[in-house]
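Per-chain residue numbering starts at 1, and chain names A, B, C, D and E are given in the order in which the chains are listed.
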Amino acid sequence: MDEWDYQEIDRGVASGLIICSVLLLAGVVFGGAFLNFVSPMSVLIVVGGTLGATLVNFSLYDLKHAWTAFCDILLTKEYHPQERISYLVRLAALVRKNGLLVLEDEASQTSDRFLSMALRLAVDAQNSPDIRSILETEQRASVEKASHAINVFEAMAAYAPAMGLIGTLIGLINMLGKLEDPATVGPAMAMALVTTFYGAVLANMLFLPVAGKLRNRSEEEAIVKAITIEGVLSLGKQENAVVVEQKLQGFLPLAPAA
Amino acid sequence: MDEWDYQEIDRGVASGLIICSVLLLAGVVFGGAFLNFVSPMSVLIVVGGTLGATLVNFSLYDLKHAWTAFCDILLTKEYHPQERISYLVRLAALVRKNGLLVLEDEASQTSDRFLSMALRLAVDAQNSPDIRSILETEQRASVEKASHAINVFEAMAAYAPAMGLIGTLIGLINMLGKLEDPATVGPAMAMALVTTFYGAVLANMLFLPVAGKLRNRSEEEAIVKAITIEGVLSLGKQENAVVVEQKLQGFLPLAPAA
Amino acid sequence: MDEWDYQEIDRGVASGLIICSVLLLAGVVFGGAFLNFVSPMSVLIVVGGTLGATLVNFSLYDLKHAWTAFCDILLTKEYHPQERISYLVRLAALVRKNGLLVLEDEASQTSDRFLSMALRLAVDAQNSPDIRSILETEQRASVEKASHAINVFEAMAAYAPAMGLIGTLIGLINMLGKLEDPATVGPAMAMALVTTFYGAVLANMLFLPVAGKLRNRSEEEAIVKAITIEGVLSLGKQENAVVVEQKLQGFLPLAPAA
Amino acid sequence: MDEWDYQEIDRGVASGLIICSVLLLAGVVFGGAFLNFVSPMSVLIVVGGTLGATLVNFSLYDLKHAWTAFCDILLTKEYHPQERISYLVRLAALVRKNGLLVLEDEASQTSDRFLSMALRLAVDAQNSPDIRSILETEQRASVEKASHAINVFEAMAAYAPAMGLIGTLIGLINMLGKLEDPATVGPAMAMALVTTFYGAVLANMLFLPVAGKLRNRSEEEAIVKAITIEGVLSLGKQENAVVVEQKLQGFLPLAPAA
Amino acid sequence: MDEWDYQEIDRGVASGLIICSVLLLAGVVFGGAFLNFVSPMSVLIVVGGTLGATLVNFSLYDLKHAWTAFCDILLTKEYHPQERISYLVRLAALVRKNGLLVLEDEASQTSDRFLSMALRLAVDAQNSPDIRSILETEQRASVEKASHAINVFEAMAAYAPAMGLIGTLIGLINMLGKLEDPATVGPAMAMALVTTFYGAVLANMLFLPVAGKLRNRSEEEAIVKAITIEGVLSLGKQENAVVVEQKLQGFLPLAPAA
């Protein structure tokens, strides 16, 4: 739960993106005609068109949030339900020994905004139904936010290949319209296909995997938060550490890393 | 909530549509053969065919409403759940000080038809169950209307590329039937592909983004209306401003701009 | 609710089908090679193949009913929930003045089979729970029937393009197998593509729009029937016209023409 | 309900399969190059590949059952809910006159295994909750079995065209790799396309219609069984024939042949 | 239930994979140009690209688990609900004769981890609600794990053909860019298509069937576990063998091998 862990680059995501990039570069360079793959017009049509369609489809707020979510998944944020359970069980023992106020210290030490908020509430609030409703509202809010970002990336994964097709059609129609010199047919068609290529790469090596990652992370996050809510409510009632552990283990089957 | 805000062009939607148009124009002109992309027959087949299929599929009423909905999304109508909450909390304080009749003035000042209706009901109606049922009927009505418009645009997004394919097949069959002069093959194929191009552009740069926007707007609108219903019911009961705020904040997690 | 209205051709559906046909004809004739588009073999494969697959998939009863449903949507059958409400409110006033027996006359005058049956039940039946259960059984029956017809048309919309592909493959394989005279390649390919063309036209200009129309009609019909059930039950209880109106207005949000 | 009826070939399914076969044959022979369509390698790849993928996907038991289900739909097994209702109403009158033991005879005369079992249970069992639970378990079992067979055919409908594509790619790559004699290009491509053809035919003229038929039959069967369960329970209670009829008619809206 | 049975290769899965491999090899070798199908670059792009996208989409833990699940399905693990029922019924008789402690022996003899755990719990635990909740948590956990592995394979089945398309586009663009010697066009296109071929093979002969198998196995496993839970709870209560059998037979309709 220390801040360092949080700031590290996610090795899975990073290596996935690097593998894809290296393979593309190798495939392109290996053919000996790197310049065939450079087409500013194609970039404009695919990237610009996807952006344009997405701007119509979503509000600026949604796009901004999707960008934040994308940056976020580059950083390790592996959710460890088991670790969170052990942590909460340790706190339960501590609270029984030293009272609820020890949670104040813990709240100020953790880098996890949700955990910190939950611990502070456990110390401050008198009646637990309010804590539960506040924390569950918070939990639903982050699930909702994630689902908006997933929608944005899935829409982009659908628009990008379509823009690739549109760009390729523009290239083909231009080429076929002036079919005089057969020698120019090949390069012109190559140019036209580059747009399809960009669209396919963006959708399948970026947008779809990112949307999938966001979905997986959102599910894991929801489980860790559910564990935290139950755990903190138990802390507030100063329940026995063994009881707390037994109660929280019930969430594990839902967690992928169980 | 002032009328100006309502009448402004939606910057996201407008810039999205402009970006798409400029990119298309650039792609077309850049190829130096603008005339290849002008084909009245292709326009007729794609636009007419899509319209024809949509006329069979939906009632004239649905089409008229879909058109209204389309014009509507060009105007800013960003829903601000937080603003609506603050506004209702302010009214709650006002009502406690000056009585329910102050809502009459507010109702006549707002440009939001639903808010105005809700405020008038809070002043007039005696028993709140009726207010709730009338307003929720109204809310469900606008969700239903939006979902009909979304259906129209999604159907058009499916018909347009199909009509593009049909037009291209007509062009190809015509061309292949009289395959005498190889010099005419290129331009004839270009002509045939233009119909596919039109279909792909209409579906991916217009119908799909518009359908997506309508869906997002409808969801946001439903949340603001739900907040308004709860808030106005609290006003009718002259509840405390703090209580009203706490109650309405619970809706925020569902709102994208939370 | 007069019989004339019922028998009129539906202007939306008719104009949609005419627009599609005229455009196809224009596209085909415009190319100057009308005969390229006439291929009895292709018609056989697409129409016959679609029919064959549909015969395996559905019972003869389902196909017969789908045909009836298709003929039906050519006739105007716009459902006017608002009109039905006004009509039932008028009856409510009449019943309060002249007694339940006036419904006998109304039942014999209307051309709407369901309305007529409902009115007769209101006069005859003593206990209303039975009326409701009989009418709701009737309502569910027509929804079920419509959904079977929709399934048939959606299946045909999936089979037709597949048969088009199969026919085109037959044509291509035949052509490629005897690739001696290059001059015959063009016309042979044109012939092969005609089957794809037929499949795409049938699916997108006939089967899909008809399936969509059936779905929309079925939804509207269900709402008008729900209004009729509630209204007739109120008539049986000789409720006040104002109460009846208020009760029935609650259905309007669900109706597209609200 | 006599055994002959049961054993007859289903005319809808048979004529559908015959129409498809005749059309294919006509299309193939009409082109004058029947041998182009004979490719043992293509048959092996499409049929073998589909079988291979299905063997991985499903257990041997599922495949065996899917084969039984396929043979079954060739035989008429039209479910007549109305006939079953009349039959049960007739039995109800008989039981009131002659006692429950007449059901013994009926059970031994019917060819319908489920009906026979239900009638025997009505005679033997004392307490009806057990009869209902045994028969509903039996009903759920056949729905489950049918859904497994449907899954098998839908998976095969997805694998067959994919195997067709794989076979065509093998053919194309082989052909392109030794592109020396242009005269062989045509026949080689024809050969390659035959595999796609086989895949499309199997999926759209066999697997998909069969899966659809199984789904429709399973739904109809479930309704007739539900009618039988309710009816037999009423027989056990020696209810009045009119009451039994009224009760069972409520199932009809769900039946397609209502 | 002996360990041998568990360790055997699943004949269905094995023969399916062998059939697919032999057919591919035959198709490739039969064409006489085996080398056309060997393209290390294509392997890299399809396998590497699919791996890269999957690494972004899922956590390393999910991938590791998907691999375990894949190895697992190569081994026979046919679930026999009927056998499990007979086994539990036999135990019920044994327990009535010799007391609960006989389950200790059974628990140490079975190779089924879940069964062993359930039996031990039946001996040790006093109150059955705890046994049920522990075992159901365990059951849900394995369903969840399986669904994660299914997600991984379905994502790979979607990414592989997309990577095939990307690789083919790279090949085509490279080829078209230097369209000088027509003699090299064929082999170059063959090379380009090999990547599409790899993607189609991986998706349709490996990933999709494996995902389907995992789904089927997970469903069967859940039923056997549900039977085990009910049975072991009955053992704990020392219920009569006949009652136990009757209770457990109710699960059979859900099992495919019923």
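Going forward, a residue touches a chain if its C-beta (ideal position, glycine included) is under 8 Å from a C-beta of that chain, and two chains touch if they have at least 3 such contacts.
From a predicted model like this one, the values you see are computed outputs, not experimental measurements.
Fewest steps needed to get from chain A to chain C, stepping only to touching chains, is 2. Looking at chain B and chain C, no chain is in contact with each of them.
Measuring from the averaged C-alpha position of chain A to that of chain E gives a distance of 27 Å.
In terms of their C-alpha centroids, the spacing between chain B and chain E amounts to 44 Å. For chain B, residues touching at least two other chains: there are none. Across the complex, chain E is touched by residues 11-13, 15-20, 23-24, 26-28, 30-33, 35-37, 78, 183, 185-187, 189-190, 193-194, 196-197, 200-201, 203-205, 208-210, 212-213, 216, 249-250, 252-254, 256-258 of chain A. Residues of chain B touching chain C in their complex: 41, 44-45, 48-49, 51-62, 65, 133, 137-138, 140-141, 144-145, 148, 155, 158-159, 162-163, 165-167, 169-179.
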